[in-house]
Every structure is written in structure tokens, then in C-alpha cells.
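Shared between the two complexes below is subunit A, which pairs with subunit B and subunit C, respectively.
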Partner chain A sequence: MKKSILLAAITLLWSVTLFAAGSQYSLRIDGLACPFCAYGIEKKLIRTEGVESVAFDLEKGVVKVKVGEGVVFTESQLKRLVGDAGFTLRSMSEQPL
Partner chain B sequence: MRVPLFLLIATTLFLASCTWFPSVKEPPYKLVKTWGEYGDASGQFNEPTGIAVSGEELFVSDSRNARIQTFDFNGNFQRQFGKSGEGAGQLGRPMNLTVANNKLYVADYFNDRVQIYTLQGQFIRAIGKAGAGPGEFNAPGGVAVAENGDLFVADFYNQRVQQLDKNGSFIRQWGTSGETGVWAGEFNYPTDVAIAADGTFYVADGYNDRVQAFSPNGEVFHKWGGPLAMNIFGSFSGWFATVTGISVGPQGNVFVADFYNDRVQKFKPDGEFLNAFGLPAQEPTHTAIAVAVAKDGTVFVADYANHQIQKWRPSE
Partner chain C sequence: MKYSQSLLTGLLLLFGSSAASAHNPVFSPGPHVLFKEGIEVHVSLDRDKVGQEKETELGLELTYGLTGDWAAGIELPYIKADDRADKARGTGDGRLFTKYRFWRDDSLGVQESAAVLLNVMLDNGDDKESPPLGSGTTDTLLGFTYGYESLKWYRWTSLRYRRNGENGAGLRRGDKLLLDFAVGIRPTPPSYLRPDTVWLLELNGEQDQRAELNGAVLADTGGSEWFISPGIFWTQRNFAIKAGVQLPIASDLNGSQAESDYRAKLEFEWHL
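Right, the complex of A and B next:
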């Protein structure tokens, strides 16, 4: 019985932690080497509600966007945000944190 | 009289090569020294994006560190000011810089304003706010200041250059707000402005890969950068691949930071190509993002990729 309660508690804690951790979107965008461009995207994304951090992987041409618990972006929302910053979103993926 | 076709073609190609593929007109510049490295300590940088000269002192936008650092011409650190934030005097990605009338003007990209400091680093005032209306900005990239104190601001995402009086009141603009274009007087993400002693001003028309020159009364009288200066990029002399900074030297020559080509190009005031110099970068980042010229002709370059400053001298 005690084992079952402990297991349930651990499972609950794990699931809450997983849910609370939010997720990360990886956006593949061309032309990030120029800071006028990269800063423009960063400025746009970081001021979007639910976005917690924005990081760049210039080697891969990818912007990594961490979002908070329960925050979900659709592809069209992200396309519009990236488009407003003067870029084209090539592809995107989402991973839980 | 009929002109043979081959002669016509040869003449056309010759004229085109003279116009679009100019040769170097001066002895090469020499790299004197570099200083700086990645970091946030004094004298280190995290993405330098702007540079300006005042007397014997150099001001550098240390962008991701949200501060301005100053150095003597040998690279010795003098002082720093500014910190990350949105309050008065705080910075959010400082970009191209200008020194005029004993003041430092900073294009504050994230905070959509131009901030003005004393040369010692004390905040004086901010001009502008976020928006697309008259006197408002959407990511200002650079600013030039006329003798009477008027500001000429490259308003990057609004696709325009605005002229404001010294108090920030709107006077006029070039380009249509929010619309890019390749014709004369139109812009495609303008990044910087420089003004000559006679009031001529030059706009770094970023993604149009060109420079546009305006007379003191505001008429475009010349544009250059690739064939027809209409957004055709390349690495030949006189061509550009994203223009990110511009400066007028003591002789009135125009120095242009040609970012994706990792070089500075030098032109006569009428756009005639004179020289080019720079340090290569390791892809995908690039080096020459901003340029400043001292009275003695020494050229300083903000090197974005290597988090350092380059110091160049013309050949003696």
C-alpha cells in the first residue's frame, strides 16, 4: 500500500513538473547572421505573451523559443510573428521541456 | 554608318565593367591592431554593433552587454555606461552611434528611441517612442546629427529615414512607412545615416545593398551599390551584401560597413569606389558591422563576429 502511494506521488510530481516546464519551439529561419535581423526577431518574440526566452543557434539557423506552462503556438501564429520581423519561417518543431 | 555588332557589345561590356567592376584606386589599408574578446568584463564585448569617434576617444556599442564602452586609440579601456533595461539611460541593444555637438547619440534598437548622453556618459534625454507615426520608431538602427541639431534617424522596421528637430519634433521623412522599395528615395530596412560637413547625408540602405546620397535640401542625387543600385548584391568592388553602417571621413569620403562581405568600402562623396579592407569571418557570422573614422584618417571597425575592434591605417 505504502509503495503504491509513493509511486502515485512520484508519478504525480513527475507529471506536474513536466507540465510546469513548458516547451521549446525550434524555428528554422534563413539570414540570422545579421544582428539587425536576429535582434528584430528576438525583440518580436520576447515581447510575445508566454515566451520566456529566445536563443539563437547560428550554425543551424535555428531560433529556440522557450514558452511557459500551457502556452501553445500554432504554426500560423509563429509564421506571422517571424514574418512581421521580416523573415520567412522555413520549418518548426516543438519539444516538451 | 553601321557599327559592327561585336564592337557594340565590346564597348557596352567595357563601359559596364568600368562602371560596375571598378578597380582599387589607392594603396591598401594596413591593419594596425585589434582588441577585445567575447565576455562582459571591461574591454570585452558581446556583439559590438556600433562605433563612433570623438577627439582621441572611441565609443563602442557593446550590444548584448547593453552598454557603451570607451577606449583610447590604442585600445585602452577608459570607462563604460548604461545597463540593460527600459528606463531612462538604460539600453536595449544599442546599435550605430554618432558623436555630435559634444554629445553621444545612441540608436536604442529594442527600446525604440534615440538616447543622448554627455561624452562622460551622463544621460541627457531620450527622443522618440515605439510606433509608426511621426517621431516614433520601430527599431532605430542609426542616427546622424546636423550642425543645427536636427536628427536623421534610420527607422529600420518602418522603412524610412526621419528628420526630427533637436527636441524630437517631426520635420519630414523619406520612404513610405512600412513599405520597402528599390527606387530612389525608397528603402529596404535602412540601418544608418551619416552627414557630411556640407549637409549632404548618406543612408545605409541595408537590404537594398546600396548607399543613397541626399542633397542638403533632401533630394536623392545619387545611389550606388551593384548594377543600377537596385538590390543586386555581390562581392565585387563597389557592390554590397547588406550595408550595416556608414561614416563620413575627414576628407568627405564615405566609409561603408559591408557586413556579409566582411569589409569596409571607401568611396568618394560622389560614390566613386576607392578602396576596400577587412578581416574574413568564419561562417555563419560576419565581421565589419560599423565604422568610424578619426581626424587623422585612422579607421576603426566594430567586428561583430570576433567581438573585437579593428584599427586600420591608410598606407603612408
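Right, the complex of A and C next:
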């Protein structure tokens, strides 16, 4: 009986952790030629509800955005956000964490 | 004497009106525009010397990003002027400015763009002081600028035309045409959170028309000057320091006029 309760608790904890892990968006952005200018993207993303972290790889033109559980961005949303920062969103992909 | 002082003040005030902000050259404008709803706080220190006349200007500039391609702002300068005979200090002419980036072509690690800009130089500075701290006129400047920015190389060019007004004493400083070329190099590949340095070299040309006093042309006014201007742009995330010095390399001034000795600029910039 004790073993069953422990197993159930572990399973529940595991599934909650998995569900709460959120996802990571990988944005290919054109025009990223300097870190100072790229700050506008960080500022816009970090102000968006559900965004947990933003990381830049300027040489590859990639911005990785970690978001919390249940947070979903559409391509048009991100295109507008990146455009408001003065750049062009070329492509995007989403991966669960 | 007073008219030559007014002319000098006007020229020096123009020096501070390049709208050189964000990732743009130090002494000339570039097409880069602040992001939408962003705020830029810009503090600059300018030091100029022309013959016996020296001026130091502390400027506070605030810019707001209206869209991703359009920004506007205001600059309020505090000036200390010294022409050896007299000294004066106080608020200089304020400036309202806007820039619109009408074309942008982005590719991997490269941004090429072009913008138009408009400045309105107000007449709030005290032009009764000696030396005068304001021009006593409302002037306008219209400009075009193009820029190519990559992870390694930068290049910019700009063309500006300044239309000067007439002050209460009937003096109208000559209109001014400015032509700039600039290149920049980043020796080390950038990383977002690491400090980033870009070295700059500018060529700045200025052509002044002769001034007029109540319709009569003043002989010892107007002409052209060219400057070579090394500079540096150092940034970390949302903070930037820019510095440079303008050194005259050629001048063709009408009549008897003192040539520029140097102009130096130090700027601090925060994007919020």
C-alpha cells in the first residue's frame, strides 16, 4: 500500500514537472548587426507575459525564448514584436522543454 | 563683433544637432531608430574651439520610439561660452527632432537602411548675453541618411540642409549644407552580454552661405570646412559611450575668419 502511494506521488510530481516545463521558441531574426540595437528585442520579449528568459546568438541570428507552461505565440505575433524592435523575423520553431 | 559671435554660436549649436544617437556615427546621423515604445536618455558633452573662442555644451536629450521605424525627441543644452573678452553660461537653444526610417533591408547579421530626419532649433537661448548663448532664430534642418551595418563593418553617409531664420537685429546666418561619410570596424565578433567596441572614422564637410544683415551680404562669413573625425563606440547591452574628435583638414572661408581648431564630443546613452 505504502509503495503504491509513493509510486503515485512520484508519477504525479513527474507529470506536473513535465507539464510546467513550458517550451522554447527559436527565432531566426535578420538584421541583428549589433548587441546594443538588439536590446529592443530583449525588452519587448521580456515584457511579454509568460516569457522567462531570452538568449541571443548574434552570429547565427538566433534568439531563443523560454516561455512558461501554456504560453503560445503565433508567428504573426512574433513578427510584429520583432518588427517593432526594428528587425525582421525570418523563421521560428517551438520545442517543448 | 556681436554678429560674428552670433554666427559662431549658430555654428556651434549646429554641431550639436546631428541627432547622432543609437548605433550611428559620432558627428553625423545614421538611419538607426529606437525601438517602438523605447526611451533613450542621452547625455552629451561637446567642446569646440575656433580661434580665441571656446564653447562647452552639456546636452540632455530624450527620445521616444513611436514605431519601430519612427522616433522623436527633444534636446536641452546648457552652454558655457568664452570669447576671451567675455564669458557667459546658461541655457542654449533647445531642439526638437524626429527621424523616420523609410527603407530597411535585413539579412543574416546585416542591416541596410535609409532614413529622413527633421530638426527644429528653437530660439529660447539667451542671445543678449556676450557671447550669445542662443541664435535668436528658429532654424530647421532636413536630412537624409543611409547606413550599412554588419557584424564586422559599418558604413554611413548623410546629407543635411539647414535653413536659418532671421533674428530681431536683422541678422540672417547663411544656410548650411553638410555632407558626411563614415566607416566603422568591429575588431572582435560581438556577443550579446559582453562589452562591444566599434572604431569609427568620419569625413565631415560643411558649406556655409554668406550671412546677411538687413539684406546686405556680410563679407567675412560663409565658406567651407572639412574635418576628419576618429571616434569610438563602446556598448554593453543597453548602455553606450561614444567619443570622438573632429580635426580640420581643409577650409576655404570667405574674407577674414578664424578656422576651426577642433571639436570634441563625449556621449552617454541608455536605452530604457
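The definition used in the following text is that the second predicted complex is superposed on the first by the 81 of 97 C-alpha atoms of A that agree within 3 Å, B and C clash if a C-alpha of one lies under 4 Å from a C-alpha of the other, contacts with A are read in each partner's own complex, and residues count from 1 in each chain.
As a convention for this text, a residue touches a chain if its C-beta (ideal position, glycine included) is under 8 Å from a C-beta of that chain, and two chains touch if they have at least 3 such contacts.
Being a predicted model, the structure only gives us computed values, none of them experimental.
Asks: Scan A:E75 for contacts with subunit B and subunit C and give back first, second, both or neither.
Replies: In the superposition, A:E75 contacts neither subunit B nor subunit C.
Asks: With both complexes overlaid on chain A, does A:G86 touch subunit B (first), subunit C (second), both or neither?
Replies: A:G86 contacts both subunit B and subunit C.
Asks: Taking the superposition as given, does A:E59 touch the first partner, subunit B, the second, subunit C, both, or neither?
Replies: Touch partners of A:E59: subunit B and subunit C.
Asks: Specify the partner with more touching residues on subunit A, choosing between subunit B and subunit C.
Replies: Of subunit B and subunit C, more residues of subunit A lie in contact with C.
Asks: Where does A:G40 make contact in the superposed view: on subunit B (first), on subunit C (second), on both, or on neither?
Replies: So A:G40 meets both subunit B and subunit C here.
Asks: Who does A:D30 touch here: subunit B (first), subunit C (second), both, or neither?
Replies: The second partner, subunit C, only.
Asks: Which residues form the common part of the subunit A surface touched by subunit B and by subunit C?
Replies: 32-36, 39-40, 43, 58-59, 61, 86
Asks: Given the complex with subunit A, which residues does subunit B contribute to the contact?
Replies: Touch list, subunit B to subunit A: 47, 49, 63, 93, 95, 109-110, 139, 141, 156-157, 189, 191, 206, 242, 244, 259-260, 284-286, 289, 304.
Asks: Could you please specify the touching residues of subunit A with respect to subunit B in the complex?
Replies: Touching subunit B from subunit A are residues 32-36, 39-40, 43, 58-59, 61, 86.
Asks: In the complex, go through subunit A and note every residue touching subunit C.
Replies: Result: residues 30-41, 43-44, 55-56, 58-59, 61, 83-88 of subunit A touch subunit C.
Asks: Which residues, counting only subunit C, touch subunit A once they are in their complex?
Replies: Touch list, subunit C to subunit A: 22-23, 32-38, 65, 67-69, 101, 104, 106-111, 149-151, 186, 189-194, 196, 198, 235-238, 240, 271.
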